[in-house]
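Attaching a single structure in structure tokens format; questions to follow.
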Amino acid sequence: MKATQTVRRILANYEGETPGVKARLCQMLMNGRLGGTGKMVILPVDQGFEHGPARSFAPNPAGYDPHYHYKLAIDAGLNAYAAPLGMLEAGADTFAGQIPTILKANSANSLMSSTASKDQAVTASVDDALRLGCSAIGFTIYPGSDAAFGMFEEIVEMRKEAAAKGLATVIWSYPRGEALDKDGETAIDIAAYAAQIAALVGAHVIKIKLSTDHLSLKEAKAVYKDEEIDIATQAARVKHCMQASFDGRRIVVFSGGAKKGADGIYDDARAIRDGGGNGSIIGRNTFQRPREEALEMLGKIVDIYKGKA
Amino acid sequence: MKATQTVRRILANYEGETPGVKARLCQMLMNGRLGGTGKMVILPVDQGFEHGPARSFAPNPAGYDPHYHYKLAIDAGLNAYAAPLGMLEAGADTFAGQIPTILKANSANSLMSSTASKDQAVTASVDDALRLGCSAIGFTIYPGSDAAFGMFEEIVEMRKEAAAKGLATVIWSYPRGEALDKDGETAIDIAAYAAQIAALVGAHVIKIKLSTDHLSLKEAKAVYKDEEIDIATQAARVKHCMQASFDGRRIVVFSGGAKKGADGIYDDARAIRDGGGNGSIIGRNTFQRPREEALEMLGKIVDIYKGKA
Amino acid sequence: MKATQTVRRILANYEGETPGVKARLCQMLMNGRLGGTGKMVILPVDQGFEHGPARSFAPNPAGYDPHYHYKLAIDAGLNAYAAPLGMLEAGADTFAGQIPTILKANSANSLMSSTASKDQAVTASVDDALRLGCSAIGFTIYPGSDAAFGMFEEIVEMRKEAAAKGLATVIWSYPRGEALDKDGETAIDIAAYAAQIAALVGAHVIKIKLSTDHLSLKEAKAVYKDEEIDIATQAARVKHCMQASFDGRRIVVFSGGAKKGADGIYDDARAIRDGGGNGSIIGRNTFQRPREEALEMLGKIVDIYKGKA
Amino acid sequence: MKATQTVRRILANYEGETPGVKARLCQMLMNGRLGGTGKMVILPVDQGFEHGPARSFAPNPAGYDPHYHYKLAIDAGLNAYAAPLGMLEAGADTFAGQIPTILKANSANSLMSSTASKDQAVTASVDDALRLGCSAIGFTIYPGSDAAFGMFEEIVEMRKEAAAKGLATVIWSYPRGEALDKDGETAIDIAAYAAQIAALVGAHVIKIKLSTDHLSLKEAKAVYKDEEIDIATQAARVKHCMQASFDGRRIVVFSGGAKKGADGIYDDARAIRDGGGNGSIIGRNTFQRPREEALEMLGKIVDIYKGKA
Amino acid sequence: MKATQTVRRILANYEGETPGVKARLCQMLMNGRLGGTGKMVILPVDQGFEHGPARSFAPNPAGYDPHYHYKLAIDAGLNAYAAPLGMLEAGADTFAGQIPTILKANSANSLMSSTASKDQAVTASVDDALRLGCSAIGFTIYPGSDAAFGMFEEIVEMRKEAAAKGLATVIWSYPRGEALDKDGETAIDIAAYAAQIAALVGAHVIKIKLSTDHLSLKEAKAVYKDEEIDIATQAARVKHCMQASFDGRRIVVFSGGAKKGADGIYDDARAIRDGGGNGSIIGRNTFQRPREEALEMLGKIVDIYKGKA
């Protein structure tokens, strides 16, 4: 499969990176209905860990079966499917080679006390990802948490190993922690900072949340006002986050958060597209809907990124 | 020994797993009076560590001798015998090859202050299990404990090593910790979540406790009500836990807790069977009874799983 | 030197253990005046670390010199001599091959604040023991301490290495910690539990203290009463501790604690003998007495174990 | 390129150091407009990590692009460019060989709570520096922080590895922590102490801040008075810091802190020069200005070190 | 150079030690004006780390230059020179082979808060010592500190590596910590205990402070009184500390603490000599004096150990 010029241009930004990493990024960028456009839609299913099985799968019980999600991602023509160790293992053989997979290598859960909840456990390794035929590892960092330094050190080590073994690294950069209030977690200055940190520690693909026009850090507020940074619309905020991701030299995909109406999801996708983002990573909003409805929604999102909707 | 089709179907769920792991799972599934049925009864004797020797063995002093439990498990025709390092070592040569063994690789005890009691010590290694001819390692995690992340990281590393060396992994997933009250430890939403976590970190066999119809997590309560998840009977709760174990793609065995009357134990076994569970892991209720009584009880439990009682 | 049948029967209990470990156990069991009887008397000199040099050696200043203790153990015809790294090194060449030695591999001291005093430092390694020609390593665990899990993990790793390199492991199992009061540290239920834990983590030789008829754990009290466990005499308590040591499948030696009168020491030895214990580990009560007096005392203890006194 | 006698004299101070380290120091000392003079001007761009992207780059948005800084350092004829992992990776191929680079190997950020802010995360490795063709690693220590011992141990290990692999080590020695108030962080006694510590743990190049004439440590105050140490002018303080850096046997570069007027910057450079310092490390004051203005400023600083301004 | 009989007798106490260690001890014992006498005078210069550069070197500014101290030790005909990594590196080539050096491998400083000040950072490695041609590593332990266990474990590991690589180990055993008051730090019972601990963890050379006749530990007081241990004079206390150092089987050198008058220093040396100690380790009292005065003082101290003053 020959890579398009758009994809080759994106790959060129990963200067000095191993051919293995570039090959895996290429594989994800060339896969599915958005293959070759430089845009990506990824299905992540780590909610069984984060929120428990019933909250995640009871709304559409077919989702209790790990095979369901492989099939959904394949049939919707997505770029990649991301999940924790057990989920991937349960279908790794049946669906081998049918869709690029991302092994989510650390995980949190809703059973911990608040003291312990600002961190994640490392629940898989680079060798697990190799064994399961994955294209990338996924890793969450919590900028703002007292545990953040430890998480940075974990992913820096793991990324080095992954790159040396030819795997790409996707970093979920989710501001959370002792120093942030609830509004701060989705504030635009924090979101841009989170993207910057992910880029600085070496992410190949950055996953951040869509943000609000709230500003959280005192020192940042002045700068946003003085320099008249446009954060009025979601598209403007996406654009600012792309700036913070080495002026667009890194692939950035956005998540929209909790389950919401279809129109809201489409608006999000259009804002990501218009702001120059690389795509969506969308989980509960698809797999908690009936399969046909989910396929239709994913189809429409793909069309939006293609500029057809 | 040719594996039955039932067993081969179960093994097929362990996609991409090493032949060594599958061979060991097969060995346990094909052993004893339930061999080939896909059902299992396991004898665990780690109470000497957990509760001390007198509380565990004084009711039936023959049990002070580690040989007693090997013999009990063999004579009852069980699938496997699980115990800590010292217990297995004390009979490893005499009973070599006569019953699959599971080396319990971490342990707690009743001597610690409450602060320290939400964790376990790693008291054996994968190489110990190989040396002693075991089929699997056993490992307890405490979802809900502040120490849970550390425990997850320990078992993920140990499971990887065990699988690479051809040993299966059994995870005791026991909710416990700072964030859970006493009722929460046996609540059905927590039990299902515990099963899910064990599956996600890569358990080949999951051991959980039978649960009550209590719901513990606020966010979960709404889901169980909205989605009308049936948790009214023990069989229904077992069924829900099997869903949470990758829709039955993982072997799950259930324990019943403290010593109780024989009828209660048989009712438990029937509920596990009717809910689609894979079997029982039953310790004090057998080895604290006189040997003949215990053999009779285990015989009846086996009959229940065979559908004859 | 041909091992006696008694010794061979004891060695047979170490099922699946390396020939190296069995050879070292045999060496200690066959050495000295009790050689071949299955009984042992060991001289431990770690009090310089635990209590400081003056408290340990000023009563008999000859003991400041490490050579003194080697000579005492050799001349008294004991089974083994146990000491920390520096003590053994200071005579390792002069007395090479003249008595089996046990390298005490962790140590506490009386200079720490109470917060830090529930743990020990690892102050020697298995390779140190090999280099110095030792027969075994010695290691203290404090069941009941918040640091106990760490200590268990240390000795489990160290024991594995020692066994692989052909050295036996002696565990000092001394209940101490946040969850125990002063009476609890010597209570019979705790002593038996401590012996059980040492056996479970893989001790070849267990060292515990003689206990009182006090019962400490609430849940244990009921069991001791209900099951009518005999703890009335020291001999009965020794017998119960042997039960807790895999029904006598492990070698157990007992210490008597602080310096006391000679008659008390002889009574202790008789109780250990009558309860089926394997012997005494006796330090301050010998090396703080003048050499001739100490030799006479050790001679009489040996005679007691031979049934002659 | 033949090294000047001045540079060879500096290199001779690194006694017993590997030829690799000396070659890299030589490379930096011989590069750019100050090449061969023994003076250095370095561009550091780690503010995206430390203060976030908008505060760092919004004043001159061209700086969002990592290529901008490579070009600025090259076009200004500087000695070296220092930045974190992601920043260097994003231009490592395009600018390979055009300017010596320093991989900043640990990083802090402004999102942490104050409790966690006295430390940094290790965010890159020596092997990363080798892979990216760097001349040195950079590492921050916080003398005065409770985390300082850990930071010292990290850099001592990393320096050893770097030197063995032929890379130089630059230490940012920034007093900060529980034991220091705001004035203490820039006090001259503390600055000299920080330089001394960096030298003692093995820095090849020391980076400290310009200091005030404040004295912070009680014991130090007396000495400065009794011995009549001259700390009245910035040049005198630079001179004292050079004394504290093994009497000038180590290269020391100074930073001036927050953005300030051009005249202040030139005064700083003259003081460094007159006090015998080796040069400036200057970031925000250049890259936050428009490129032409920054080039002019850097040109003038270079002239100052050449004694022409 | 043929070792004297006195030196050979000292070396014989290091039973079973590697020839490399013995060679290095021999090298230090045979060097300088006291060579062959079994006595040692060592120059330690770690005060730049401990107290900062101005407090250490401003009284005699020539000492800012690391070369100064090498020369002082050489010209005074001392046995060895001890300093941290950077200090040794700065003269390692110029003075190679001219005096045995001891690499101080851990360090504290006066910038830490009191919480953090009961520990030291490991700031050099055994391989650093080999690379720099050192004869020994030096390491401080703080018996009495909550961090002491960690320090013991560090030096036990490091000593093992050093001995295997043919380097001797000098332990600075300085009582300090949560459990000791100011008087306790220099009390004779604590000093003897500190010497004993250093010997037990394997020190080849022990460095302790001269002590007072204060007794600190309650249990020790009784023993000193009951056993009538002579602690009335400094010489008697030195003698007692030699007892505590395996009855003189280990080399012990004493430091006198803060700067004091010349006569006090000479009295100290005579007490050490008369009590049977091996010598002095003396820093500030020499290098803070003008060079000629320091040389004269060191000359007189050497004469004292030779019995000529």
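The first chain written gets the first letter, and so on, giving A, B, C, D and E; residue counts start at 1 in each chain.
One rule holds for everything that comes next: a contact is a pair of C-beta atoms (placed from the backbone, for glycine too) under 8 Å apart; a residue touches a chain by one contact, two chains touch by 3 or more.
In this text, all values refer to a predicted model and were calculated from it rather than measured experimentally.
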| item | value |
| --- | --- |
| Third chains touching both chain E and chain A | D |
| Touch-network distance, chain B to chain C, counted in steps | 1 |
| Fitting chain D to chain E on CA atoms, where both chains share a sequence, rotation angle to nearest 5 degrees | 70 |
| Rounded Å distance, chain B centre to chain E centre (Cα mean) | 58 |
| Rounded Å distance between chain C and chain E, as computed from the means of their C-alpha atoms | 36 |
| Chain C residues counted as touching two or more neighbouring chains | none |
| Chains listed in ring sequence, where chain C comes first and chain E follows it | C, E, D, A, B |
| Residue ranges of chain C in contact with chain B within the complex | 13-17, 143-144, 146, 148-150, 152-153, 156-157, 160, 175, 177-180, 189-190, 192-193, 195-197, 199-203, 217, 219-220, 223-224, 227, 229, 240, 243-244, 246-247, 249-250 |
| Complex contacts: residues of chain C adjacent to chain E | 48-49, 51-55, 57-59, 61, 64-66, 84-87, 89-94, 96, 107, 109-113, 115-116, 119-125, 127-128, 131-132 |
